[in-house]
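After this come two complexes, each holding chain A, first together with chain B and then together with chain C.
The block that comes next holds the complex of A and B.
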């Protein structure tokens, strides 16, 4: 909401009464196209969504009845619904665990890249880049094939190792479903994390590290007292971005649900909104959940935005 | 949209001034003090290779399966190398009749998005990096915040909007949403490039008798070309890969983009025996252009996202 108002405020700025020079109005003219499209495609829907979230909007409204204004009733319904809390808790848990695992693996990968011979590092970088470059839907088809319960290579390999995974369906049980989803999301996200942290690591001067080593600092000490403090800003921002991005894993969950699992047991916030809005046409409740997601994202994003603003000022 | 448009994030720094995790390594990280511990280094090297293989395996498996006939893929023992493979799967997908319309749809949407996004974002970037004006800070803040908004938080409202404009299942409708979703990041990315060209250069041109516009077009614009290309590729990738908004806005079977077309294969795999060879060929065809473009643009993207945090 706030965002959009800011944009709106931007679009028709209090134009200084008849600018004396032509140059005064130039910046405003320059931002008009961008503002116009943002207001049309994001601002208007946001306002509509906010209003709709306070209306009753069911099937009868689909047939032309004017919606009834109910203030915050939808939010009350929503937050007294245990299913909503299940979805919220599930989303948060999935997001935090996935972000943590991604960060841990990404950091280890960056340290590995930093420690190995150049040729090994380039091999690592190429495979990470290929994984990173895969379009998300293509990646999902591949993963669905890897874990396919009939002919998937994962089951074949595990069975070959003497475990009983013949025709094991990885998506049938919600816990195993989310484990698979996590593995996939981690696979996709680690490259960005590893590359960014590696970029941070190249900032740590080798002279300082060597000096510390000569003074008898162990690897753990060097890591703790020299490397981590230097790359802390990078770590913080990347962790934040991961949390924000993992909160909105829609595509992956949706495409795993397609293959067959009970949607109500595997819904996260994104797929829940989809189910409410597109599935059952309950636009009011879908809007209320959407507003909740937006507020959550904006709150989380605030730190990231603040650090970027600092960059803008410098 | 930012969900695929998931990648969202920030600026490209003035060319070359910041560390970039580009592919060509700088080579100066030979391993510092570790060089003496030979066995440890070799062990790490082995771990590194194993990790690389694990990470690249899904991509390899896609290519491998795309080359193998379905009979081979249906056997219980996996075939690890595509010996005796052929391009038959690609031919089958290509002649299946649904690929080309989806390709056309995706291309049209991506091109419209790139053109308008670049135009709008370029003007916006110019405004925030060349002018100080009232409301500038609010604009920058809005740009930064908007790019973080998840598509999932807005798609229902955008669906209703496009429904009321009669633009469901239309190229223009989806493009409008994509442009709006990509413009903020692109403004931020181009801002870095525009700021990287010193205004002094333009002023020098103006002293030599060019008008402000001429100075801009002849001096600054050519220097911005790399930035525009990188931003254009970024916008293209976002539009090409986007799934969430397309899923909601393009429900008609005749107006599918490539990601939706691919999803059709996944859905089909739930109910009947799938020709995985063809599915993987289809995935490969969607992925190849992306991988090529991506390798081209990725360095700038990473450095943009975290540039504020890496001390240059």
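The block that comes next holds the complex of A and C.
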């Protein structure tokens, strides 16, 4: 437990003696401003969205006509629309695969950073930081140039290697579109994963590892039975974050769609909501999908949140 | 805490005062009616189509006539609909006057985004104004948005490649269809992925010309209810011709949209060896494209102007431009490009906004539009376009051009990319009628804004 607490950055016991109970209301009073800001900033839009999702709300309503309240009509339309389920399945698959690949590469990077000499590590860290700090739109512009079907470096290199990739359009086929999107999203999120796991790794005490090595544990065994269990809380929370981020991925997909591909075949939940709301001015339907995504996210992360809470308690 | 709040409030007030001071300071020195001296109205222009010279004229003329200040803000075409959707209903953030695409005009007019300017209609040009655009800005018999300028689409070719393939400039649509297929098959310069006619799979804005040219319609209206008519007989004839073009004349990607296709006509990207001989593929990969007439500024030999900016110089030995021919001796009806302009219904200065419209529809400004290659809204001033080959192609193709349906939901159709999706499926379709029927079912409720 000690190591876990260390990893999570919590102070270890001994606990300070509890201060005498003075006014019981003081803590609540102190919490009120924070809660008020949360309710205003997060609650209001959420409530608005929920209400809108139960109305007919289009361009005319935006220009002042009173919306008609239709209860769950929008949701019924939504859930009976096969296209919606296609998008959901596509998003889930994309998010899980991307998160898994990101975690795998991120973990390997972290282990690499832990193993190499300081100067190499710092070079590695700087390059990771640069990728992480790159504004998404700028990075996407460069990626778009790389994969450009006529003059892109990628096709040129592959053709140079003797493969027939002359004027190959990567974005036209949905599968290769998502492959490209995945590479880009992974490239952008690996640094965060690598740094966080590296921070976790620095908390694994060398004594434990040395002891295991003396007992004859191989590298794989040490990784599996010692390192991973110790940094598991870090892995769990990072995976959770990745899943949530990759589920609502928007910018990368949207910017790729601007370059090529047929939008209806490459929409993920984020771009689908955008197309409904901003493109078609169907704000009610867009709200309904957003609420559904919220529920989906909570459902996906519920398992993790619960297991993390449990570990905190024990 | 209280003191902090108080000082914050003081700071806010002070800065508000200072800012207010700034804004009134800029109005000093206006000579005309001083009543308006502290007023500013905002004009949104879409994209960079209106040249700086015209913007400067509008600003100075507006101040001279009214004493108020005109603030011109340029918006991107890409998110114009979004910005209009969020800004127009909000009196504090709305532009007073805004330009918007002619096809977007009917949607915003129908939801009541614009001020009724029927009383000015005669004064601003009346029936001399381009009627198809006027219709797109009408509800019932009231005028809300009026034409700003028009463009049209023309065919741009590599005359040298056409000549090398031995194909003459066509005089009918059928000759055109056969001609570009022949050039595609001949590929006289042996260019990989060469297109006799580069037509992107999702490029419906150019593709609908074939529907219109065969007397097809995208949608018809009866008693106020719109019906999508992709599966009607004439439309299907056009779609079949398009399918043939996609198969035999175009190697453009299936996901390519109507965007800068003129770059495929330029050959300035040749890779040359020491002797100057071409060693590698050039960027030239199409013999023919269709684009708005102003695209001629982007076609030709690469050079630099006095400021070092890249320019293109049209080369008559290599390039040609003509209106897409129809089968009845007239130019084929192509999709009319261009903009409408309207006053926001929530504008706080409608009178000043009306003054701005008077300037825009004045002879002087209309003439300036024409001199810059933008078709003037008022037909009396179309002569100002000049008579070079581009003006001729513009006037010829515009003479028979058509707009997309003026249905309340048309902006929604564009925003949801359904037309792009439909066109991308034409080439691979084995049953065009069933495909058209499928999209009719999708489009009809959207057109009616349901």
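Miscellaneous remarks
Keep in mind that, in the parts below, the second predicted complex is superposed on the first by the 242 of 314 C-alpha atoms of A that agree within 3 Å, B and C clash if a C-alpha of one lies under 4 Å from a C-alpha of the other, contacts with A are read in each partner's own complex, and residues count from 1 in each chain.
Note that in this section a residue touches a chain if its C-beta (ideal position, glycine included) is under 8 Å from a C-beta of that chain, and two chains touch if they have at least 3 such contacts.
All figures in this text were calculated on a predicted structure; none of them were measured in a lab.
By the touch criterion stated above, A:195 is placed in contact with chain B alone, chain C being left untouched.
Of the two partner chains placed around the shared chain by superposition, chain B is the only one that A:206 touches, whereas chain C remains out of contact.
Shared-chain residue A:169: touches chain C; no touch with chain B.
Of the two partner chains placed by superposition, A:158 touches none, neither chain B nor chain C. By the touch criterion stated above, A:97 is placed in contact with neither chain B nor chain C. In the superposed model, A:279 lies in contact with chain C only, and not with chain B. Counting the residues of chain A touched by each of chain B and chain C gives the higher count for B.
Contacts of A:48 after superposition on the shared chain: chain B is touched, whereas chain C is not.
Once the two complexes are overlaid on the shared chain, A:260 sits against chain B and chain C alike. In the superposition on chain A, A:40 makes contact with chain B only, not with chain C. The interface of chain A with chain B overlaps its interface with chain C at residues 150-151, 260, 276, 278.
The touching residues of chain A, counted against chain B in their complex, run 2-3, 6-7, 9-10, 13-14, 16, 24, 26-28, 30-31, 33-35, 37-38, 40-42, 44-46, 48-49, 52, 109, 112-118, 120-146, 148, 150-151, 153, 156-157, 187, 190-192, 195-196, 198-203, 206, 209-210, 213, 230, 233-234, 236-238, 241, 244-245, 247-248, 250-251, 254-255, 258-260, 269-270, 273-274, 276-278, 283, 286-287, 290-291, 293-294, 297-298, 301, 304-305, 307-312.
For chain B in complex with chain A, the touching residues are 3-4, 6, 9-11, 19-21, 23, 25-34, 41, 44-45, 47-49, 51-53, 55-56, 58-59, 61-62, 65, 73-78, 116, 119-121, 123-124, 126-128, 130-131, 133-142, 144-146, 148-161, 176-177, 179-181, 183-184, 187-188, 191, 240-241, 243-244, 247-248, 258-259, 262-263, 265-267, 269-270, 273-274, 276, 279-280, 282-284, 286-287, 290-291, 294-295, 298, 302-303, 305-311. Remark: chain C residues 81-82, 85-86, 88-89, 107-108, 111-113, 192-193, 201-202, 253-256, 283, 285, 411-412, 415-417, 420-421, 424, 446, 449 touch chain A in the complex. On the chain A side of its complex with chain C, the touching residues are 58-60, 62-65, 149-151, 166-167, 169, 171-172, 260-264, 275-276, 278-282.
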